[in-house]
Amino acid sequence: MEITVEDAKFWKNCIDAVVNLIDEGILEVKADGVSLKAMDPSQIAMVAFSVPKKAFVEYKVEESEKLGLNFENLAKFLSRAREKEKLKMESADNRLGLDFIGTSNRSFTIPLLDLSAGPQKEPKIDFDVTVKVNGGAFKEILRDATLVSSHLVLEAGSKGFFVEAKGDAADMREAVEAEVDAKKDARATFPLQFLDDIARACPSDANITLYLKTNAPIKMEYAIGDASLVYYLAPRIEPA
Amino acid sequence: MEITVEDAKFWKNCIDAVVNLIDEGILEVKADGVSLKAMDPSQIAMVAFSVPKKAFVEYKVEESEKLGLNFENLAKFLSRAREKEKLKMESADNRLGLDFIGTSNRSFTIPLLDLSAGPQKEPKIDFDVTVKVNGGAFKEILRDATLVSSHLVLEAGSKGFFVEAKGDAADMREAVEAEVDAKKDARATFPLQFLDDIARACPSDANITLYLKTNAPIKMEYAIGDASLVYYLAPRIEPA
Amino acid sequence: MEITVEDAKFWKNCIDAVVNLIDEGILEVKADGVSLKAMDPSQIAMVAFSVPKKAFVEYKVEESEKLGLNFENLAKFLSRAREKEKLKMESADNRLGLDFIGTSNRSFTIPLLDLSAGPQKEPKIDFDVTVKVNGGAFKEILRDATLVSSHLVLEAGSKGFFVEAKGDAADMREAVEAEVDAKKDARATFPLQFLDDIARACPSDANITLYLKTNAPIKMEYAIGDASLVYYLAPRIEPA
């Protein structure tokens, strides 16, 4: 395979959205695009990442390939992307080549890993509420909440979208500006660190869509350019 | 009580000027304004903070209240103030509510503390020299001096305003641009860390007024908008 | 002696270029200018620094002086230089006075050291290749390489200028835009930390000139205004 993105920083942002949650995983390169499904090491969260072929300026994929990658290592090199550099990726001899093409030509090659994990299935949940909220605003809420607790209650329904946190030093409640579409009210509690890991790579001017059901996992979805990021996160079931 | 400031960041700046020196204290809310007097834990410095009623856009105070506050905790939540947010504060059920009112409505409530310390009296000292100096310039001097020593000599009188520090790695002397009004020359030495804690919240374009008398405590005074900050700091008496 | 530079920050930048490599040394002040030659403590690298008399707006030097200096201490005070300040330096009573002359007058005096090391001779090497490269671009390369290894291979000759690094997490190779003048190809390996210490003070818009010979020390040269910085660094001889 040999695939090229016009803007190396776009690819950096995509991989950041993955590495915030998982350390290693299998990137599948197929005829129609690139994708990844992986659980975080604690099995509390899942990411499904996909980029269609059209997001690449060059896309030579003769047969499907599974690239076992240490995403932390990959992200480290992608962080060296400069403005207006293209990025060509090619696999050969059990290594992935990263060619940054700009005023100077820079090549890194990193080892591919032999990872056994098969493809993960996305959970099927019949959600009750859909909340569309600005990514930047949602990240600010998470920052507010970290001052209060390690967990955040998300509540959405006919009255709007609310977040709540309770702690020793303070309690917090926010009414958040959002587009809410509800069959039924929903309320669930999630670990703040995971919400933060998931939302961190969302562009501040993009929307995040949240799918909620009482005491069920949350589905969170956003786009980075042509790339789609979908996450699932298990709730904390509060003692009755 | 229920009082509101037009600009939440103004209140943040006021509380920062207090928390740099003291951890907890009693904020008195009276008919004519809000005030606080407190000693730092080591009893070397004192702060007297007051804001008149007119600094608030809403001021409902039926009877005087004494709010025992952990200022560190309060400052943490005030640091989340965003541009163009109002801040409403109200006490109820032994808690203080902080409502940030802007594009989204955010509420924090923090516990009030049962603090016993009665009101402190400000020391009465017949100062010999008044020095008016730019806040930003004074803070730069303190940064210069930290490279040299943990103490700073302030000297003012007919010849102007001078600062001095002596240390192993260097000696320093600066002639500082200032407006000096002197009955008699004065010279005293102060712990740099406290001078820094006191001056830190002074807006860089505001003036600090210093009141000096040889080997006596210094009084330092500045304003943040309508709020008045007055500090006293004990000198280090140098061996004769 | 009493010498003055128009821009205190210029002198700060010069001393930073020295202190990145060496802790202390002897600054020689002669009729025609100021200079220093010193080895780094591990004896792997050498710096030769010189500034002609014309770089100073005032230059009163009646007889040559050798100033033993702790450059770390000196750099600390120079870092307090503000915009548009002159810097006057004068020696007296075994101390060096630093007078920053601007809106306020600030004086630091630091002790001179009694250092015995005599003047170092610069190595004479018949280099095969001269490479002129932009300072900013070269510093970016060093940052790329630190992700890969603690050593960097520099290779220059008829095909251009290349850098290479090999490590566990990745391999790297860059073709660097540069002006190359070669009698013969050259290739040698250098410790990255030292290359970084040497290049760090080079203005990003200035050029660095590299003089190379296979498995020989590298000579690196750049200017900060009127000041000249020349460095020598020993190669790592790779096992055959």
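Letters A, B and C mark the chains as written, and numbering starts fresh at 1 in each.
Criterion: a contact is a pair of C-beta atoms (placed from the backbone, for glycine too) under 8 Å apart; a residue touches a chain by one contact, two chains touch by 3 or more.
Model, not experiment: these values are computed from the prediction.
S.K.: Which word fits how the chains touch one another: line, ring, star, complete or other?
M.R.: Drawn as a graph, the chains make a fully connected set, so complete.
S.K.: What's the call on chain B versus chain C, same or different interface residues, using the half cut on shared numbers?
M.R.: Comparing the two copies, chain B and chain C contact each other through largely different residue numbers, since under half are shared.
S.K.: So what's the Cα centroid distance for chain B and chain C, whole Å?
M.R.: Whole-Å distance between the two chain centres: 45.
S.K.: Can you pull out the residues of chain B that are in contact with at least two other chains?
M.R.: none
S.K.: Mind pulling up the chain A residues that touch chain C in the complex?
M.R.: 73, 76-77, 80, 82, 103-111
S.K.: For chain B, which residues count as touching chain C in their complex?
M.R.: By the definition above, chain B touches chain C via 137, 140, 143-144, 147-148, 169-177.
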